[in-house]
Structure formats: C-alpha cells, structure tokens
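Common to both upcoming complexes is subunit A, partnered first by subunit B, then by subunit C.
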Partner chain A sequence: MFDLLPHILNGLTLGLLFALIALGFMLIVGLMEQINLAHGSLFALGAYFAMQLMGPRPPLPADLAQSWLALPLGWRYAATLILAPAAVGLVGIAIEFCMRRTYGKDPLYGLLLTFGAAMVIEEMIRLTWGTRDYVVQVPQAVSGGFIFGDLIWSTYRFYAAGIAAAVIGLVWLLIEKTSFGATVKAGAHDSEIVRALGINLTRLRLLVFVFGTMLAAVAGIIVAPIWGIRPHMGVDAVIPAFLVIVLGGVGSFWGAVVAGLLVGLAVGLSGAYASEWSLLSMYVLLVAVVTFRARGLWGKKSVLEA
Partner chain B sequence: MKQREISRRSVLQGSLMASALAGTASYFGPWKENRVWAQGAAKPIKLGLTCDASGQYGNSGQDDLRGIQMAIDEANAKGGVLGRKITWITADTETTPATGSRLAERFITREDCTILIGAVHSGVANAITQVAAKNGVIYLNTNSSAPSEAGENCSRIKFVWDGNGTNFSKASVANAVNSIGKKWMLLTNDYVWGHTTSAATKAQVEGAGGKIVDNLLVPQNTRDFTAYLLKIQQAKPDVVATAVGGDDIKALREQVAQLKLDGKPAWINNQQDWPDVWGSPDSLFGVFGTTWYHKLALPGVADFVKKWQATNKEGSIPVPGNVSYNGYMATRELLRAIERAGSTNNVKIIKELENLKVSATDRMQHFDAYMDPVTHQMQQTIYLARRNPKPADKTDLYEIISWTEPKAVADTDAQAKCKLVPYEQVPTVDS
Partner chain C sequence: MIPAPQSDSTRLITPTMLVLWLVLATVPLWIARVGLYPYLGIEILIWSLYALAFNLVLGTAGLPSFGHGAYFGIGAYAFGLCQFNVVANLWICLVAAFAVAGLAGALVALFISHRRGIYYAFMTIAFGQIFWTLAIKSHKVTGGEDGLLKIARLPADFGFASFDLAGNVAFYYFVLIVFGIAVIALWRLVHSPYGRAIAAIKQSETRAAHLGYNVWLYKASIFALSAAISGFAGGLFAMAQLAAFPDVMSLHQSGYVVMMTLVGGGLVSFWGPVIGVFLFLIARDVIGAMTNAWMLYFGLLFIAVVLFRPEGVAGAIMATWQNRSLNSMRQQGGTALRLLFGGGRWR
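Take a look at the complex of A and B:
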C-alpha cells in the first residue's frame, strides 16, 4: 500500500491537468453545443505564444523588449499567463466569426469548420516556428524537485496542478455564481427565450467561445514545460479533452473534473504497474463507463438510453 | 492518439495533391520532362524519398531528407549518374506504417520511382520493405535502427545504414555493468525498435553478469513519464537503459532533468538522434550512442558541415547530425554504386552495394566501414558520447568518450536470423 500512495498522488495531479485541458472544450460543448476540434491547436498556440513572449527575443519594439526582459522571470511568467491567452483569444474571435453561420444548422458544419481551423493553425505554427522543439522557461522557484516520502517529486508539476485547481474553481464560480453564468446557461437551454428577453445572444456566444479558447491557451502554457512544445502537440491535448468530457458526461462541469481525475489515476497507476497499458487505460476506462452508462458519469439522459 | 494526426495531414495532403494535379503539375511536370527526352537527353532516374514530416519522428524525417537531398544535388551538379539526372519525389509517411506502405505503393506504381530511400521508425521501414520487396525495388533504410531490420526483417532489396540497437549495446553495456553496477532497469518504447533494442541490451547485461530487475514498456506518444520515474526511484537500480525515441525521449529527458534524476541512477540511452537533442540541450544526460558528430576531429568533417550549411540555410537545425549524415551517406553510396554497376538494373546495383567498402576518410569516421553481405547492414564505427561540459559553441553538445571499431560491435545474432532470397527471385527493375 505504501508503494501505491505515490502513484495515487501522481495520478491525481495528472488528473487535474487533464481536467484543465478539457475545461474550455467542455464549456463550448456544454454551453454552445459546438464541438471545437481546434481546441488542441489553440492549446498549442497558447504554448507557442508563451514561449515567444518568455524567450530571448520577444516580439516587441527594441526598447520595450529590453524593459520586458529586465523584469524578473516570475513576473514575466505571471504576465505571460494573461497576455498569451489574450492573444489566443483574438484567434478565437476570428474562428467564432466564421462559426456563427453554422449555429442552429447540422452540427457537422461546425465540426468541419473547427477541424479546418485546427489544420490551418497547426500549419501556421509550422510555418512560423518550424518543426523543431522549444522549451518554456519556468521561474526558478517552481522548477526542480523536492523530497517527499523518500522520493524526488517535480515541484513544477504540483505548482501546475495547483494552478489547474485554481482555474477550475474560478470557472465554476463564474458559471454557477454570476449572472453572466446564469445567462449563458439559459442561452444554451433555450436561445429563443433568451433572445426574446432582449439579451444579445450573438455577443454572449462570442464571449463563451473566446473564454473557452483562452482556457485552452492557459492549459497549453501550464502543460508545455512538462510535455514540451512541438507543432503537433495539440493532438496530444484534444483527444484526452474529448475523452474526458464524454466520460464525465457532456455539459457536466463536475463530470469533466471527476473524469479528468479518473483518467489521471488510470494513466498514473497503469504507468507504474502495467506500463504498456498506460495510454490505453484511458480508452478502456471510457469503454467501461459508456457501456453501462452511455450518457457518461454525470451527463443528461440521451437518446441512446431512451 | 495518432488517428487525428493522420487524418488531418491526409486531408491536407489530399487537397494539396488535388490542387497540384489540377494546376501547375500537369502543365509543367511531365510535359517538361517529355520535351527534354525528345531532345535526346537521357530519362532521369527517379527516387522516392519516404521521409516522415509529422508524427513521432517528423523532425528526424525532415533532417534525413536534408542529407539525402544534399547527396542528390552533389551528383546532379556533376552531371548526374550515368549521364542521367536524378529527380525525386517525397511525401509525409506520418511516422505510421500504414501510410508508409501506401506511399511506397504509390511511389512505385504511379510515380515510377525505381528506388526508395528513407525511414526513421522501424515499423514504417518494415512496412516499406514489404512493398519494395514485392516489386523488386531497392530500398535504403537510412535511419531506423531496430536490430530486426537487418535480422528477421532483412531483405535482399533493403540496405540498412544506421548502427542498430545491438551495435550500441555492445559498445556500452559490458563496460557499464563492470564500472557502475549490476542492477539494471529497462525503459522500452513499445514497438519493434524498442523491443529488439531492449532485448539486445538485456542479453549484453546478463552476459556481463548483470541483472534486469524490471522492464517498463512506454507506449508510443507517451508525454508524461512521472509514473515511470517514481517506479524507477522505488526500485533503486544502478543503471536505467532506455530504448525510447523521437518525441517520447524528448519528453522523458525534460522530466528526468527537472527531477534531477540525471545523476543517480546512471542512464544509458541507446542512441540519441541529433534532431531529438537539438531544442532542449539542457536536458541531455547519461551516456548514449551515435554514428557521427559534426565536431569529430577528422579530415573532411569541417568541409562537409560547411557544405551542408550552405544548402540548408533555412533549416531549424544549424548543423548536420547523425540522421542527416546517414541520409547523405546512404544516397551518395547508392549513386556511386549505380555508376560502378554501369546500369540501373536492380540486381546489379544490389551486388555493388553488397560488396561496398568505404574508407574511414571517405566516411569521416575513425575506422573503415563495410556492408555486411549477409544482413545488408552497414558496419561502421560506433561512438559513445555524453553531454559536453565545455562546449566550444552552442552546437557543441556532445563529448565523444569512445569509438569502437565495426567488428567489435557487429550484430552476430542478426546474421543468424537474416535469410535473403536468391537473386533470381527478385523481380527485375530497371529505370
């Protein structure tokens, strides 16, 4: 049992990262009923923007770049956590402008559009930054390892899990405890009534989409120092994101969080005790759950169960 | 997780191909060539370059391509081979065996390529080999180094140019068992190269009196290694031997360095391909194998680096590494073999390559190299390296700590496993 504990702890921290990756994806699916296949590419874009901002040659005028680089790394990192998602948010605006023609039509249109956007973003990344790998610097205070229970642990991983938990909490507050969240949920439930009440649904959808996009970017920045930065890193994110929301139940906030933790535990424990199953374990978990509960853990009752 | 990547890139390639077919290619491609032949010039020799551009070995595949192109450009600058120009076509194999196989089929049957070159992933190389062998097309496996490629999966039409897992294990393991310790763990990429390389390492460890306490299998595209690293810490081995490649080894290196596990246990990384090292040099640790380094103090190396840099100004990697070197050497030797054979007949070229001997000076290595006629694997100098504590410049990442002559690291197991078909059973190909 004592041997097992480190792997449970590792699985839970990994699970929080999976939940963070899935969060923006879940919001857009749950509140807009649009599957954003560009989520992984926006995740990658967040990491690239952060790398560019933090790197030795930030894309700023010479004077400004000098002042920026003079700031302590921790400050720059904190600012990057806001600036890079904001920049990715602009890309989100562009995608949403293209996507709004597909609302209310066959969901396939939205799927194809975001699929195309994913391809465009990935190729733009290749054209801009090439195929090589990059590293994001993290502040000294959160790098390296620490000893706990006779083992060395990654400081950054716990820091990343902490940030993930904080972001998840903030999103929950926004959705559940603010009038904005209530309006968004009402819009998802019955858009005609919301529009009839005089609420600008077009703007509301734009805000939700851009918010989801920015969450993808935040996840990219947080996870990049662990996974590394490369053009196709988005694929590594979009599949677990999809899996987590299906497992948790489409549209369920806490379903996504719990599913993220379960996937993290499955990957962490299988990595230690049946390593060849570590990637497959998340798919096995999904199959096991949807076989008995097609709607996912906390999903609404679907036609599959009618 | 690969499925999305495949379909994305396939769709993109499909669109690009469709537009190319509908547009310029049909006007300027075949017509131009036909006009040239009509004027009496010899028909070009067309090569199919099966290099990855995406997936786990996308980076390495493109580096391979740079070396191959350089050898072709050099030959064309001298007037081609047998007075014929060399042309080539390439497309992304996506580091996926099924795509590699499909691509090989297309290159041979629709693009009229009579020779195929390029691979980094052993599964992809094996898939291409099957198609090439069926058609009698010569295939140069430039950079995939599973022992099985020159062992049970060898082929009369295939030549393997990189050192393999057994070569690297023979160069490093016995010494490490004696000098570091007998308790070993294996970290193995869960596909043919990982398995065959770890099997070779296991045999060497046990042969030297060491013991393998665990073998952790790493699925391809693993990004998070913490579970493995915790397991390694709990087991407390003396040495961890990895056979992990491409994007996976990059992620592993980052995480080992972050946890500062790069000192104890000792790490032996079977081989480090240069594109996997470039980009995060700070996480380079342990002892690892290679076949070439751009700062080897040997005649010709500096000139080669300069020439490579002149033809690859736009590349993301500023110097040639082992992958580009293998691509270059394989292609150069193929073109020379055609010249010596005085023919593009496949069997004649195969016989030339089977008898290939290259001097150390010509190879820019420490010892003469030769093609093993039984397995079709290039037998060459194997270098062991570690991170350079005093780099002369930002590309000087390696410190070469030993070089072993080809015979001392020869893969004798492969010779017993490899069964080449007689020449008469190879379909005739002539371009």
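Take a look at the complex of A and C:
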C-alpha cells in the first residue's frame, strides 16, 4: 500500500488539474446545454498569451514593457493569471456572438460551430507562434523539486494543484452562494420564467460563456509549465475535459470534481505500471462507468439527450 | 427540413446522376488539364464512399458519431495485415477490411446503442480514442506512429482475367466501379423498409419504439454497417496510399468527415456527403496551394455554413430548386414566354 501512495498522490494532483480543465466546459454544458469544442483551443490560447506576457519580449510599448519586466516574477505570474484570461475572454465574446444563432436548435449545431472555431484558433496559433514548443517560466519559489518516497516530485505541480483547488472552490462559491449563481442556475432550469422575471437572459448567457472561456484560459496557464506549450495542447486538454464531464454526469458540479480526481487516479496508477497505456485507462474508465450508469456518476436528465 | 422530391427517391437513375457518372467516368481524361492530379480523383471517390457510409449514421439515423475515423483506419490496417499475414488476394483483403471494421463497429454498437444525443456522441469519441491509442501504441502490429508501410495495390483477379491496379488510372477505374456498386447498394438500403424505419427512429426514438420497432437493434445494426463500409473504404485507402497510418483515426480526422458531410448537406440529401467531399478536398488543394493555413479559411467557411446554411450545399440547392418550381407553377405561361423572348430572370 505504501508503495502506491506516491502514485495516488500524483494521480490526485493530476486529477485536480483535470477537474479545473473540465470546470469551464462543465459550466457551459450544464448551464447553457451547449458543448464548446473550442474549450481546448481556448485553453491553449491562454497558455500562449501567458507565455508571451511572461516571456522576454511582452507585447507592450517599450517603456511599459520595461517596467513590467522589472516586476518580480511572482507578481508578474499573478498578474498574468488575470490578464491572459481577460484577453481570452474577448475571444470568448466573439464565439458567443456567433453561437447565439444556434441556441434552441439541436446541440449538434453549437458543437459543430465550436469545432470550426477550434480549427480557426489552432491555425491562428500556428500562424502566430509556429509549431515549435515553448517553455513558460515559473516563479523561483515554486520551481525545482524534492524527493518523497523514491520519486522526484516537482514543486510546481503541487502549487498548480493548490491553485486548481482554490479556483474550483471559488467557482463553487460563485455558483452556489451568490445571487448571480442562483440566476444562472434558474436560467438553465427554466429560461422562459427567468425571462419573464425581467432578467436579461442574453446577457446572462454571454457572461456564463465568457466566464467558462476564462476558466479554460486559467487552466491553460496553470497546466502549461507542466505539459509544455505546443499547438496541439488544445486537443490534449479537451478530451480529458469531455471524459470528466461525462463520467461525472452533465450538469453536476461535484460530479465533475470527483470524476476529475478519478480520471487523475486512473492515469496516475496506470502510468506507474504501464506508462505506454496510461492514456487508455481514462477511456476504459469512462466506458466502464457509462455502460452501467448511463448519465455518469451524478448526471441528471437533460435536453442534450433528446 | 426539406423533403426530398418523391419521384427521385424511388428511381435509381435520374438525369443528374447520369451527368455525375459521366463526369466521374471521364475524370482521368481531363483532371490533369484543370491543374489537378489523377490521384485526387481516387481520393475523392474513396472519401465519398466513406462519407456516404458515415452519413448512414449521421444523416439517415440522426446519430452523432464523432469517432468514425477509427473504423476507416481499422479497415486500412486490416487490409494491410491481411495482405502481409494471411493471403495477398485483393478480394479476401477487402472482405477482411469490411469484416474487421464491421466487427469493431458491432462491438462498439453493443455499448452505445442505448444512448442518445450527447452521451452517444461522447461514447463514440471515447471508443474512437481507444482504437486510435491502440493503433499508435501497438508498435509490433501496426507499426506505431510510422504506420504500416509497403502495402501493395493487389491485382484484381477474376479467374478468367486479371487486372493490374498499380497505375493511378487503372486503380481509379477500379475504385469507380466499386464506388458505383456500393452507391447503388446504399441507395437501395436507404430507401428500403429498413431505411425508412431508421429514418423514423431519427425523427423520434420514442415514437418508433411505440410503433413496435426494436430501436436498439436498428441503431446497433446501422452503426455496425456504417463502420463496415467505412472500413471497406479504409481498405481502398490503404491501397491508394500504399500504407496505413494511425493519423486517419485521430479525433481531428474524424471531425473532417463530419465537416464534409455537413457542408455538403448530408442531413437533407443522400448525395450531400459527396458534394462535401468534393468541396473539402478541392478546397484543401486549391487553398493549400495559395497559403499553408488552409484550415483557417476552411474553418471560417465551416462556421459560416453552420450559421447561415446549416442544411449545407445540398440544402441550399434544394431550396433554390423548390422556389423555382413554385414560382414557375404560379406564372406558368409568363415564365415560358419570358424565357423564350428574354427579359426573364435566370436564377
């Protein structure tokens, strides 16, 4: 059992990152019943923006760039965590404006629209930054590693997991404890009534979509130093996000978190014994669960099944 | 949705189709003159067969399958492996491609046919990824990322005569004949009582179930059949490329066939997917020759199609055609006169 402990720990940290990646995706699926296939590309875009901001030549006017670079790396990282998602949020607004036309139709149309958007964003990334890999600097305090058990651990991985847990907590507070969250949930449940109450549903949906987009970007920034930055990283992120959502059950917040941890555990544990096949473990886990529980662990019936 | 004109659905040969077949039969004669290359013709036919098979699931049955590349790829591998390890006979290898992909599809269908909508889509993605991972990681069997190389274009042996398919023109005609037979079979299938039942399930699963149809069986069988024909197309593709790669099984490539089918108008028309394949592959080559970011422009085009013409090119054509026939009925006499003496508006 003790031998397994490091792998379990590893899996759980990975799981928190998966849950974070899936979170924005889940909000949009659960609250708007729209599948955002561009989620992975927005995730990648967040990472690229962060890399550009943190890198040696930020896209700023010369004097501003100088004072920006004079800031300590830790501060810059914290600021990037807000600035890059804000920039990605603008892209989210553009997508939502297109997506409006598909609301109320077969969810297939929204899905295909965002597939197109994903293609466009990925190609833009290739045009702007080329196909090479990049590295994101992390603050000195959280880089490096330590030895625990018989494995070498990267410190940053734990910080990333901590930030992921904190963001997940914040989102939970926002959805469950604020009037904004209540309105959003009501809008998902019965849009007619919400509109009749005089709430601007169009604006509400825009806000939810952009919020989900920004969460994708945050996930991208946090995960980038671990996975590296490359044009293909979007696909690598959107698939675990899918899995986590379906496994946890569409529309269930805790379902997504638990499923994220489960997927992380599956990947972590199988990675310890058969690293070649560790990717396969998450699909097998999904098939196993969904075969017996059609709507995932905590899913509710939704219009997406019709 | 626009209903298909009734007279067309029962006839096997319409003037449009005659023209289409004539164009297809003469491709090797003119394709080089318009700046394209003979191999493109082969590719268009194979992808058309694949897209038509895929449209059995998406357009006819209304089932969103997003991992279909897996079956195309399985067919390609089955063709190559059969050729290397079992027997180098064209017919047996093609049957193997059909059968193995069909089996894989049937296996997946067992798991997914109770599902609906987005859960169905997710499950097809998961299975597609499983097959893709298997193809990439089983180095010893599939050659991993490098793929299965040196697949030969086996001669078509009919007992009394044998045709060498190694050249692009000969292979094109072989694929054309196979495509023709497959299209007739698919056309019959879609318009058979079985196909009608599938279409009823697309409209409402609940209603079809209440009418006494075994919805599960219909959904499972159409998926397996679609996978088998996709695999068959994959076998042809392995011959065309002289190799089988895991690339075609990836999520991206599975997305392309969805795009082709949708852009062409597979949801409303039998021929839609073929139109889509034409557009997609020619756009790939023409835009690709001008810029290396052709996916960017195709992506934008695709977004525009989803937004403004979700029923695709075929849908747009049908709408125009219907408007025209309506207008002409309203002003029967006048139109004929105006067409004859000018002043009439051509659409």
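The working rule: the second predicted complex is superposed on the first by the 296 of 306 C-alpha atoms of A that agree within 3 Å, B and C clash if a C-alpha of one lies under 4 Å from a C-alpha of the other, contacts with A are read in each partner's own complex, and residues count from 1 in each chain.
Please note the rule applied: a contact is a pair of C-beta atoms (placed from the backbone, for glycine too) under 8 Å apart; a residue touches a chain by one contact, two chains touch by 3 or more.
Small disclaimer: the values here were computed from a predicted structure and weren't measured.
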So, after the overlay on subunit A, do subunit B and subunit C clash or fit? They clash
Checklist entry - Between subunit B (first) and subunit C (second), which, if any, makes contact with A:M119: first, second, both or neither? => result both
* A:Y156 contacts which: subunit B (first), subunit C (second), both, neither? -> first
### Query
Does the superposition put A:L14 against subunit B (first), subunit C (second), both, or neither?
first
Quick check for you: in the superposed arrangement, does A:H39 touch first (subunit B), second (subunit C), both or neither?
neither
Review point. Of the partners subunit B and subunit C, which touch A:V235 in the superposed model: first, second, both, neither?
Key: both
For this session: Would you check which partner chain A:V135 touches, where first means subunit B only, second means subunit C only, and both and neither mean what they say?
Result: first
For A:G144, decide between first (touching subunit B), second (touching subunit C), both and neither.
first
Practice task
Using the superposition on chain A described above, determine whether A:I226 touches subunit B (first), subunit C (second), both, or neither.
Solution key: first
| query | Regarding the shared-chain residue A:A272, is it in contact with subunit B (first), subunit C (second), both, or neither? | reply | first
Given the options 2-10, 56-64, 146-154 or 218-226, the segment of subunit C that clashes with subunit B spans residues 146-154
Going through subunit A, the residues touched by subunit B and also by subunit C turn out to be 115, 118-119, 122-123, 235, 239, 276, 279-280
The residues of subunit A that touch subunit C in their complex are 35, 98, 101-102, 105, 107-109, 111-113, 115-120, 122-124, 126-127, 235, 239, 242-243, 245-246, 250, 276-277, 279-280, 283-284, 286-287, 290-291, 294-295, 304-306
Given the complex, residues on subunit B that touch subunit A span 1-2, 4-5, 8, 11-12, 53-55, 58-59, 62, 190, 216-219, 221-228, 230-231, 233-234, 247, 250-251, 254-255, 258-261, 275, 278-280, 282, 316-317
Interface with subunit B, subunit A side, in the complex: residues 3, 6-7, 10-11, 14, 40, 115, 118-119, 122-123, 130-135, 143-145, 151-154, 156-157, 225-228, 230-232, 235-236, 238-239, 267-272, 275-276, 278-280
Given the complex, residues on subunit C that touch subunit A span 64, 111, 114-119, 121-123, 125-127, 129-130, 133-134, 137, 251-252, 255, 258-259, 262, 293, 295-296, 298-300, 302-303, 306-307, 310
